[in-house]
Amino acid sequence: MAGNTYGTLFRLTTFGESHGKAIGGIIDGCPSGIELDMEAIQYELERRKPGQSKIVTQRKEPDTVDFLSGIFEGKTTGTPIGFQIVNTNQKSKDYSHIKDTYRPSHADYTYDKKYGNRDYRGGGRSSARETASRVVAGAIAQQFLKDIKIYSYTSAVGDLVMDTPYQELDFSKIDSNDVRCPDSAFAKAFTEKIKVTKKAGDTVGGVITCVIQNVPVGLGEPVFDKLHAELGKAMLSINAVKGFEYGSGFAGAQMNGSDHNDIFNADGSTKTNLSGGLQGGISNGMDIYFKVAFKPVATIMQKQDTINSDGDVVEMQGKGRHDPCVVPRAVPIVDAMTAIVLADFVLRDKSVRL
Amino acid sequence: MAGNTYGTLFRLTTFGESHGKAIGGIIDGCPSGIELDMEAIQYELERRKPGQSKIVTQRKEPDTVDFLSGIFEGKTTGTPIGFQIVNTNQKSKDYSHIKDTYRPSHADYTYDKKYGNRDYRGGGRSSARETASRVVAGAIAQQFLKDIKIYSYTSAVGDLVMDTPYQELDFSKIDSNDVRCPDSAFAKAFTEKIKVTKKAGDTVGGVITCVIQNVPVGLGEPVFDKLHAELGKAMLSINAVKGFEYGSGFAGAQMNGSDHNDIFNADGSTKTNLSGGLQGGISNGMDIYFKVAFKPVATIMQKQDTINSDGDVVEMQGKGRHDPCVVPRAVPIVDAMTAIVLADFVLRDKSVRL
Amino acid sequence: MAGNTYGTLFRLTTFGESHGKAIGGIIDGCPSGIELDMEAIQYELERRKPGQSKIVTQRKEPDTVDFLSGIFEGKTTGTPIGFQIVNTNQKSKDYSHIKDTYRPSHADYTYDKKYGNRDYRGGGRSSARETASRVVAGAIAQQFLKDIKIYSYTSAVGDLVMDTPYQELDFSKIDSNDVRCPDSAFAKAFTEKIKVTKKAGDTVGGVITCVIQNVPVGLGEPVFDKLHAELGKAMLSINAVKGFEYGSGFAGAQMNGSDHNDIFNADGSTKTNLSGGLQGGISNGMDIYFKVAFKPVATIMQKQDTINSDGDVVEMQGKGRHDPCVVPRAVPIVDAMTAIVLADFVLRDKSVRL
Amino acid sequence: MAGNTYGTLFRLTTFGESHGKAIGGIIDGCPSGIELDMEAIQYELERRKPGQSKIVTQRKEPDTVDFLSGIFEGKTTGTPIGFQIVNTNQKSKDYSHIKDTYRPSHADYTYDKKYGNRDYRGGGRSSARETASRVVAGAIAQQFLKDIKIYSYTSAVGDLVMDTPYQELDFSKIDSNDVRCPDSAFAKAFTEKIKVTKKAGDTVGGVITCVIQNVPVGLGEPVFDKLHAELGKAMLSINAVKGFEYGSGFAGAQMNGSDHNDIFNADGSTKTNLSGGLQGGISNGMDIYFKVAFKPVATIMQKQDTINSDGDVVEMQGKGRHDPCVVPRAVPIVDAMTAIVLADFVLRDKSVRL
């Protein structure tokens, strides 16, 4: 229960530090007989990869996944899928400037206090590099999910908020721009915002919206493991996430019941969908949608006061190549965690067959 | 994995339907030797109880907890604590008007589709009555947590939002009014808002803020089981919750890193606390705080169209005694789930002793 | 993880001390729509009940199960099944003679050392009374398992060992005698053995054999959760059990491969079944069979030296009504745990439908 | 819950097929700050390695473990320890003779039926090669356990049974011979037995005894997760194991209580130890000891009838290099699983500190 496993039946355990030999994981419980599209898996890694565009970190990592088990003659065998992504630039950096220094709003301080030691080469285990393993597992989960489709996209960067209803968006355009926003006007504005922020040596937060379509009725478990509770946990487990809301969300808290209730059509669908596709934690067949808030990246290219492990106040400034905004690269991570959550619930419910 | 258990080491499993014989649960993993204050446990149940004030449902339930095991000579023994709360008015109601009808924005439809049957006496298992069992477990968890203090309070009702920083509030006044808001002016406005809504046969949503003080540094687990991810899941598992944010939350997504970073003091505390007391999912010793959004209650005293199990459109109107706003009664539930989450993390970390 | 839960998807959590208010449990994950035969459940409790015959303890407990949730209109609803068995004679006994005394080969000493306290009224939580809750859950599991049939019976009492191959036994005769042996000659000898032992104020051990028929091919999980590994754990979790073997067992360790291998018939069945119906932890469609060794009951009606909590050596003698041999009453417990293990594996394998 | 994880807090998940790219695993929950003796880990792998002596398979595998994470500057960091053992001879073998053939008393048939496919290169996932990963994790667990010492040794080969009480054995001599028996006379006889069996193209079973010393009082959890129940499960999860008994075991089932009870000394130790160091599933401070029965290896160098996947009866004969008796190489596996079980229980009990 040390926190490195997600899921009960479709189950991902990850390992690896940002500057160790490799990161990777084990997917246990993936059903047998799935003919894997390896290119589709690698494609999701490319979407998360550093250096993919001008608005993300310029660090270079090939991020090639190497499968070690669980696949035979192109198909899953039902045995655990072990995989690794070798860290190619593990020795290239000089970390002496942060070795004994706790970077503000990073996990350096808390890891050191919890474990009594700290892998000071970058974020170590707390680095978002770990999420590459989630992307591998999510891409496999998506292939298991078949027709259940997941669409994540950037819906806000800083105070620029796109409030277009998702029904009016063309999800096929999500990857048509670097910022992963399906609306080209907003995509342009978001990109510009990130560039200006980067130039100022600063960082900025943002929001990702996710829409899930073709979910069968009855997915999810009641009480503690409501589908939206697991989605919330999965999203909040992603680095830099500060908030999660689904359906009407925080805005729904301001409404009256007479406006908020979703009235049924004769076929069981609903005229509105403020519920966000879930009642009592169980899918009702309507689209599921939610929003995830990301804080601005803590490493900025400006001088800040901080402390070292002796408690001395020291000045530091970010070095190297960091993201001015995590949101563009976090889109495939939200996709991945969503797919993993759904795959787990599909397996948990014996009556749901895809 | 049917979803009725929360926690790994401090572990609550609940049972019971709103109109069955009893609800209750088993707390497994509670350490031995805790001298239980039984009145404090019952007090928390009174805070959640129907009929406690004019702004909540007027249903009458004594909600007296009956412990069946795990306590001997006033102390916990380390064995599972079994308990029940007998449902006293299980037969008093007539449910014929909802037997074959799916109430809008309730879980009637999804339970029926998932399980192929439905306990139509009220919400059955999907009723918020289940949360009384959580309050029992939370009250015991709080006694285990000793000096770690949890303060939840109503911070918004509908579009009335109290934005006073929590540092300026006097938590000892939370229970000084029916709506559980420590600011008397807002308490009055919230109460009035609920009364007006009730008179209109309508319901309204709201927000609860929770502050946790005296958390030792190092609580929480990295990666998937970040402390805030578990808090988020626990909150989202409460009936009617639509959103969760901690620290800077959704507002943080609009900020720049240069403003958002919390600069350290020499003692490891931070000058600001936009992080919300957590870095990398692990407590840093500052206050932890978060907000929980509740939708308006789905049962309204107005006519609505809906469908029955044959797919016919029928008209229905809420009967009986329901809450116009869940927030006042949800405050002890947020307290309880927070205590359960923290107790679990204390047990998961061998180095943390209270 | 305090050890009071068995199973992953068909999941039993129990509570209760031998002389507390009640014992009971929660079954989570039982599929919905099972029309429960309540008499069959109570019948299994009668088979385990004290006072049922002259060769078991003469203690009187009605052991009537009271279901609190999860069943509606005679069928399981898919929600957790909460139940209790009220302890009727909780106050009737005088335990002053054992309050500060550790009984030899009981768990008094280890519980006291582990928990820093001890419920000295009988065995408390370590009493085999807890197994009544398992029998309730097992009876429900058996009804879910439909045609998979489980037959446990007494195959040895002390040094009297029945080595008749199970294929030659008539399982319908198991309950035709008090000792639960389907061979009437051995039943008579076993019964006599127990009576003589009892008269001497002594106790005696024994062995239960269990045979499972009609198991579909493919049940079980590989590596750590092999079906026989889970059966072994489940059996070893029953009070007084000292050993478990399946198929050829310890005798198989003495054999050569050329004699031990089970040669296939054309239809996938095997000519012999030394494997015990399992290969690599997964059922092959042949009968599964195993043996469980029970030690003699520790409470004897003879004087023994022991120590008290101050470390003084004191003399003690068993009082009250105890079993001279647990095996007759343990037969339904072996049945129950077997059914629970199988139900869990059926739910774990999405491809297995009953 | 696909069965490839063992443990709750000290938790091993393994992956890998006998002839895939690599086998390996992730150890999650290993405490931070343990200075690892890497040679001691590799030494345990050498004890399990093929080709180590004349009485084991002559297959050549270097079995070098490669750690990928969780260790920094020689110490565990508290983050997951990922590791792999590359399969060096993955392509060297010709498996055409078993591709469509189910080997008798192997898991070929059950895997094929369960998963709808089969990695026919050797045993695939069902191969005992997987246990190398357990040995790595066990060696680390042993280093965490410090003074708790585990001694496994061969105590029977076929019908040759060494019944010397373990107290009379010198455990330092376990590795002084190829068969891993601390009694040199029996070691010689066992070795001879294996050689003769091998020459006959046959295989033979055996028994391993394990003794655990210096266990603190109070280790283990009651009811379902009794320490001996977990040990039993762990042992039964090892390939080829057919039985487990602890303390008096099956022989205890033949005894009377008056002979079986362990009478206390004033210090809480007992004069005898038929209980095997455990009462109610919790350690009492005495030595824990148990026996594990292994069947003869299924692959024999003799002709046998079997069937192929079309149900045709075909004749087959084992090829290649196989163990005539698994017991010598299984000794370190029993050591390893024992260490993993104990490490898990140490972490589960907050009051136990090493």
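Which chain is which? They are A, B, C and D, in the order written, and residues in each are numbered from 1.
FYI, contacts are C-beta pairs under 8 Å (C-beta built on N, C-alpha and C of every residue); 3 or more make two chains touch, one makes a residue touch a chain.
Keep in mind the model is a prediction, meaning the values are calculated, not measured.
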item: Selected pair, greater C-beta contact count between A-C and A-B; value: A-B
item: Of all other chains, the one whose Cα centre sits farthest from chain D; value: B
item: Averaged-CA centre spacing for the pair chain C and chain B, given as whole angstrom; value: 39
item: Distance between the centres, which are taken as Cα means, of chain B and chain A, whole angstrom; value: 27
item: Chain A and chain C, separation of their C-alpha mean positions in angstrom; value: 46
item: Contacts with 2+ other chains: residues of chain D; value: 1-5, 8-9, 14, 79, 114, 125, 222, 348
item: Of chain C, residues touching chain D in the complex; value: 1-6, 8-9, 14, 102, 104-107, 109-111, 113-114, 125-126, 130, 156, 158-159, 197, 202-207, 217-218, 220-226, 228-230, 232-237, 239, 242-250, 252-258, 260-268, 270, 274-276, 278-284, 291, 293-300, 302, 304-307, 311-313, 348-349, 351
item: Touching residues (chain side chain B, partner chain C) in the complex; value: 1-5, 8-9, 11, 13-17, 20-26, 28-29, 32-33, 66-70, 72, 75, 77-82, 84, 114-119, 124-125
item: Touching residues on chain A, where the partner in the complex is chain C; value: 1, 8-9, 31, 79, 222, 347-348, 350
